[in-house]
Amino acid sequence: MLHTVNKSPFEKTTFDSCLNHARPGDAILLIEDGVYAAVKGTAVAERVAALNGDLSIYALGPDLSARGIKDTSLIERISVVDYGGFVDLVAEHDVSQAWL
Amino acid sequence: MLHTVNKSPFEKTTFDSCLNHARPGDAILLIEDGVYAAVKGTAVAERVAALNGDLSIYALGPDLSARGIKDTSLIERISVVDYGGFVDLVAEHDVSQAWL
Amino acid sequence: MKFGILVNEGPYTHQASDSAYHFTKAALEKGHEIYRVFFYNDGVNNGSRLTVPPQDERNIQNNWTELAEKHDLDLVVCVAAAQRRGILDENEAKRHSKNADNIAPGFRISGLGQLIETGIECDRVVAFGD
Amino acid sequence: MKFGILVNEGPYTHQASDSAYHFTKAALEKGHEIYRVFFYNDGVNNGSRLTVPPQDERNIQNNWTELAEKHDLDLVVCVAAAQRRGILDENEAKRHSKNADNIAPGFRISGLGQLIETGIECDRVVAFGD
Amino acid sequence: MSAEENGAGAEDQKKFLYVNRRAPYGTIYALESLEVVLIGAAFDQDVSLAFFDDGVFQIIKGQDTAGIGMKNFSPTYRALGDYEVTKLYVEKESLEERGLTADDLMEITYEDEDDDWAEKSSVQLVSRAELSEIMAAQDVILSF
Amino acid sequence: MSAEENGAGAEDQKKFLYVNRRAPYGTIYALESLEVVLIGAAFDQDVSLAFFDDGVFQIIKGQDTAGIGMKNFSPTYRALGDYEVTKLYVEKESLEERGLTADDLMEITYEDEDDDWAEKSSVQLVSRAELSEIMAAQDVILSF
């Protein structure tokens, strides 16, 4: 299952709810303002770093760049994808849930 | 100063940010989905109950009723006002800040 | 007292426009003056006369138009925000070579300066949004 | 693979429509089929031809219209959501006695069944919203 | 268009889940999601609804919208049984965080045709972990 | 319309505060708030901007929007000095929670006409308590 999160974890609780419901083997893709959850050293970063290793976490590159977030600022477990990679993630997972 | 909060404290962090910035003597009016912060026994109720006594907290009656919240479910310090009371609160305070 | 009202969201999707409407009515009933209601961001969508809500629901545009008629209210839609979202009056439609307009009766399109003016002239400004 | 796209927010105010557009383009480039793009909630506002964004900004409606022309996409605006928000085609305008319509080229108005059908027919449904 | 014309007979039904995570009235998402459910009911698919996070507020008893001038659409949830929509999953943890219990929810029931039309509750309380399983088992998740 | 015509000469200026609490690009509020500031600058009022919560992200260095097809409006903040908008308050606690320091912010400056046009920073870091004082001292708070 693929989860997409598009809101800042500092503004809305959707990212938290997503983490509460994601299962091992699932993937989470951070897009739009959701990419702020991918950054090291923030008030939410520890929770992300401590997550079950079976959970794959991705962030959308174009949204990171727009917001001035460099690859060196990302939590280690985060992989960066472009829109094509977003499409691949949707194709690879049976079902997608948008955490709106 | 009057603060208005219109979002659920379970969904967005606006109510928290409002509490962080409100000063003794200020008033907070909960409207729309913000009224969920006025209810007893929730995960946010303790924080509301423990606030400085100099902070007045109001909730908009029509929004409470729409959401099925009875007066008996409210945290004790909360006062209920109608739209006329909302107008009075704005008039009584020099400036209003909407926590959108 | 002189009030200015700011509406930042469109009709139906968010409660903002409803709350602003009920507040405005209550302020008028208490004898306050409503200097202006300014529609910004998606709020400009309140000014479309093309909405057709279900018959058992409130008609938000009509509510504003009728309140404006009754109390001679100044309902101002921000021109820049309106252009982005496709709210046009006859002049704007002509100016941008569009073959239709959709502004509702009682609303007028004007600049952002009208919002600043509202802040300057009013005793209180109250904002409604998302 | 066969994709269905759901867009729940209007143009400019939220990034949803932009994200959906870039996703749709990328899916087409990878050889996937886009069965339908369904516009719901405020998403129906993407289908207004009356928008006039600043010249140095993207034109979201044009982007969709051009992508639809190039790839023969089915862009469907939900009729119930569109009525609430004032998005009408010629038929709808006539049916509701409105003297203007504002649907953009490449978009068509239809029922919610088209969304369910999208779920039934597609391998994947991806939603974009607030 | 009938379900048959869509090639969606019982043997190739899809599992549709409607995710309800938002409070009613403050925004329109709860209402417009319900409108999709009602239309979707005609398509003869395997339909479930999930209520969690602020979505549990949608089915709270005693809603009275007269004061805000909006339509109270909560009675429509009680009619879902007539549309053969009978699986409403409500997350326990979401109720608890909001100081709610099952007694605060509307009674939403259906008549079970396989059990002599006995009236049964459509609402099933599930744990967060159970809800995660339910979500993972779907073909289509619609979230507004 | 000039400020004078509005009866807003220096002696009866009002204190306007623009509150910026939202991230850029995900929603339009940051951009449309900035558009109000630019128009408002012509009215000769006492203008301040507050950046806190996710609003601090608006003035982060190195924004590059080419990949999302949207206009990068961050350079406009650097032009605010030309509009005589020179008081930008940034909350320290909001920066810290987001793992940011003042070094991550764009350089936004103005030329001080009262100090031989010396170039000075428009950005002032303030504590949460100080920001509360600033808010309380305003005549009009505009928040989008």
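Note that the chains take the letters A, B, C, D, E and F in the order they are written out, and that residue 1 is the start of every chain.
Basically, contacts are C-beta pairs under 8 Å (C-beta built on N, C-alpha and C of every residue); 3 or more make two chains touch, one makes a residue touch a chain.
Just so we're clear, the structure is a prediction, and the values are computed from it rather than from any experiment.
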(request) Go through the assembly and pull out the chains touching subunit B as well as subunit E. (result) A, C
(message) Need the graph distance between subunit B and subunit D over the touch network, please.
(response) 2
(request) Counting C-beta pairs in contact, pick out the pair of chains that comes out on top. (result) C-D
(message) What rotation angle takes the CA atoms of subunit E onto those of subunit F? Round to the nearest 5 degrees.
(response) 180
(message) From the C-alpha centres, identify the chain that is farthest from subunit F.
(response) E
(request) Express in whole angstrom the distance between the two chain centres, defined as the mean CA positions of subunit A and subunit E. (result) 28
(message) On a C-alpha centroid basis, what's the spacing between subunit A and subunit B, in Å?
(response) 33
(message) What's the distance between the Cα centroids of subunit A and subunit C, rounded to whole Å?
(response) 38
(message) As a quick test, compute the distance in whole Å between the mean CA positions of subunit C and subunit D.
(response) 26
(request) Specify, in ascending order, the residues of subunit C that touch 2 or more different other chains. (result) 8, 12-13, 15, 19, 22, 41, 80, 125, 127, 129-130
(message) Counting only residues that touch at least two other chains, what does the list for subunit E look like?
(response) 25-29, 53, 68, 70, 139-141, 143-144
(message) Residues of subunit A that contact two or more other chains, please.
(response) 6, 10-11, 13, 32-33, 62, 82, 95-96, 98, 100
(message) So which chains actually touch one another? I want all the pairs, not just one.
(response) A-B, A-D, A-E, A-F, B-C, B-E, B-F, C-D, C-E, C-F, D-E, D-F
(request) Within their complex, state which residues of subunit D touch subunit A. (result) 1, 3, 8, 15-16, 19, 22-23, 25-27, 29-30, 32, 123-130
(request) Provide the residue numbers of subunit A that touch subunit B in the complex, in ascending order. (result) 10-13
(message) List the residues on subunit D that touch subunit E in their complex, please.
(response) 6, 8, 40-41, 80-81, 111-113, 115-117, 119-121, 125, 127, 129
(request) Please name which positions on subunit E make contact with subunit A in the complex. (result) 19, 21, 29, 52-53, 93, 128, 131-133, 135-136, 138-141, 143-144
(message) Which stretch or stretches of subunit C touch subunit E in the complex?
(response) 12-15, 18-19, 21-22, 56-58, 130
